[in-house]
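We just call them A, B and C in the order they show up, numbering each chain from 1.
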Amino acid sequence: MPKNRAVLIDQIIKQTMRICAFSSLFFLFLIFLFILIEGLPLFYRVGVGNIIAGFKWAPTKGAFGIFPMIVSSFLVTIGALILGAPLGLACAVYLAEYAGKKKKLFLKPALELLAGIPSVVYGFLGVIYIVPLIRTYCGGSGFSLLAAAIVLGVMILPTVISISYDALMSVPRTYREGSLAMGATKWQTTYRVVIPAASSGILASFILGMGRAIGETMAVIMVAGNALRIPGSILDPLRTLTSNIALELAYASGDHRLGLFSTGVVLLIIIMILNYLANFVIRQKVIK
Amino acid sequence: MDIKIQIRQLSVSYNGTPALRSITLDIYKNCITGFMGPAGSGKSTLITLINRMIDFEEGVRYDGEIRIDGINVLDPAVDVVALRRRIGMVFAVPLPLPRSIFDNIAYGPRLKGITNMTDLYAIVEDSLKKAFLFDEVKDRLMTSAMKLSGGQQQRLCLARTLALQPDIILLDEPCSGLDPISTAKIEEALSELKKDYTIILVSNNTKQIARTSDYAAFFYMGELIEFGETPRIFTNPSQKKTEDYIQGKFG
Amino acid sequence: MRLPPRFVNTLVALLLDLVALGTVGILVVIVCVIVVKGIAYIDLNFLFTYPEDMGRHGGVFPSLIGTIFLVALSICFATPLGLGTAIYLTEYTKETMMTKTIRFGVESLAGIPSILYGLFGFIFFVIKLKMGWSLISGALTLTIMILPTIIRTSEEAIKAVPRSLRIVSHSLGATLWETTLKVVLPCAAPGILTGIMLSIGRAVGETAAVIFTMGSSLRLPTSLFDSGRTLAVHFYILAREGISMEKAYATALVLVVSILAVNILAYYIMHKVIAKYS
């Protein structure tokens, strides 16, 4: 029997869809390729150590040290996690274990809407409200590690909440029933049975929250003060890797621009490690 | 009597577990052939091979031949889409598509490239009449098929199959979820339809096979135990297993 | 001293209740502040007049149009690509090494921060492909950025379509594509639409990836190769350079309200679908 026209069309469509599917990989490849092409030469020329461990960023004078920015990026991220992770986890626990059906119907979308607020708006509100508060009550200029950590802490909430929530919800109901049947209270059950069972997913949510915080740019630029040194206290200003790129890319040229791409390479590597870690942590659970 | 389907030395396995063992069987034209047997006997597997719906299952291996009008449909080169347009299938659960009654029935004809509304309407009306459903739905052809009762939905599925203008109709336990009145309507439709079609009816219900079929085949654990004219199978089975099954001793 | 478990239980329930409400309170406060402060400075003129003096006076008309063009273009590019990927992954292949690799690619794209999209779009579209700071550079960059969202939501929506409907369609002699087009996609349409809405919200609010690819010209973009300034970028510049707090609040109001509207609509559609299936 000869193949009819519909079958032929089906074959053509299949190939088209296949091309679509490979586009994501292709784009990922392009992004890596071009950031690496622009960013790697400077590592060769100036030396990996002088960039990653260098303290001085004066790109027009041949100094490309981004060590303070790496440290700052991690500091704001850890700060954001200290504030956002417990709060996010608490919300996730509340949603998964405590909230009634009606409350959940309203709370869950409301918490997800936090993710929809643009980062510039977070930054703006940070400048208008949080920075002056810190200036008044804690001293300093207010543009600080603390301000950035607070703003980022809120910004990572949706990530932490939704992934932790999924992890908590995937704990089988029998676990809970078993514990409750033995006379444990709801909180004992949640604390001793449900949270440990969901721990890998919760950990993954923290790691992905870190990824979100370390990659955030506009909000951080607006509240962090962007000073080029390692902050001595939480009230000192700092500049993260992302801020460095965004602040200078518009006018940079020559080696200066290459230096920004080198910053991008470091950021890309950190992000990839975090994503891999989150994936690894989640997969651990599946094997178990 | 003409032979429509010749099944020869057909064996099937799922992930290495045999489901059918060396089946050889002839299906006659313009007759209802009933396949009966307990769950797991392979009767449903056999009909999904005839229209190659088995291709959607994972880990299936088959060899042997199924010849329809002389052409082996198990040949990998066969155009399965064209094959399925010649063979209608009604499933155990009524499965209307989530669209109107009219669109459900016109689905197959439209795939064949019929777009003229007058032609489509003629096909829809004719198919609904043959499935004894037209009078019940003629005023609401554009309403959702999901709103029909279970029995009506199953007759809709039958009508949808007829709209393909197939020469073979496969029914996989079509009445398993239906009430006796709906079942009777479907059986009535089938006995009319056999004038124009070759019908295979799979059923767990031996009484239904006895009532409706001209030939009956009894399957057990992937083997064809007995095949013959229905009255003979039910009154004078040659195998002990068949007799036990018909008398309800197992299954 | 050990507190009685029952007391702790009640206390924790109360605390969690407060924490959750407090967190939602953050959202409410953000929205309220923007709305209350912004509403005083906004009127129809603001939306439909050109800015004067770097945005100190006048409106945001070019930015509004620029945002709409940019978002529309990137959605037009990303939807067919994303939908095609989702269809390929769910309907056309089985789980293999290859689909796992593609999924890994999609996940990785989703994890890349927007500033790196900006960096890539800048070097690739703006510089190497010589498109300059333009609508098209911005749209192509955003396309890649929103692609993972569209792929993931479409995949979820397509997977939720019952297998039996596909089987029926095949049994009626439909090819895989006919089944996908006539049965699977109509059923999955609301879910796919949700993904598109969420992507629109993300694209409207994006700054870092847009400012380095589309630039920040205050003129009305009239061709694909014109630069332009989206509302989010305009807002960022107004606020950061302290040009005008009034205009900044008004712009933020437009941004936040439109994004919230799109997101709420998306959740509403999703909610409808879940209600229908269960």
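What we mean here is this: a residue touches a chain if its C-beta (ideal position, glycine included) is under 8 Å from a C-beta of that chain, and two chains touch if they have at least 3 such contacts.
Everything numeric in this text was worked out from a predicted model, so none of it was measured.
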item	value
Identity of the most central chain, Cα criterion	C
Higher-contact pair (C-beta pairs counted), B-C versus A-C	A-C
Inter-centroid spacing, subunit B versus subunit A (mean Cα positions, whole Å)	56
Between subunit B and subunit C, centroid-to-centroid distance (C-alpha), Å	48
Rounded Å distance, subunit A centre to subunit C centre (Cα mean)	17
Subunit C: positions in contact with at least two other chains	175, 178
Multi-partner residues of subunit B (each touching 2 or more other chains)	81-82, 111
Per-residue multi-chain contacts in subunit A, two or more chains	6-7
For the subunit C and subunit B complex, residues of the former touching the latter	94, 164-165, 167-175, 178, 182-183, 186-187
Of all residues in subunit C, those that touch subunit A in their complex	5-6, 8-9, 12-13, 15-17, 19-20, 23-24, 26-27, 30, 33-34, 80-85, 87-89, 92, 101-102, 105-109, 111-120, 122-124, 128, 144, 147-148, 151, 175-178, 198, 201-202, 204-208, 211-212, 232, 235-236, 239-240, 248, 252, 255-256, 259-260, 262-264, 267, 271
For the subunit A and subunit B complex, residues of the former touching the latter	1-4, 6-7
Residue numbers on subunit B that touch subunit C, as the complex places them	51, 53, 56, 58, 81-82, 84-85, 88-89, 91, 93, 95, 97-99, 107-108, 111-112, 157, 160-161, 164
Residues of subunit A touching subunit C in the complex	6-7, 9-10, 13-14, 16-25, 27-28, 30-31, 34-35, 38, 87, 90-91, 93-95, 98-99, 105, 107, 109-114, 116-125, 127, 129, 154, 157, 184-188, 208, 211-212, 214-218, 221-222, 242, 245-246, 249-250, 260-261, 264, 267-268, 271-272, 274-275, 279
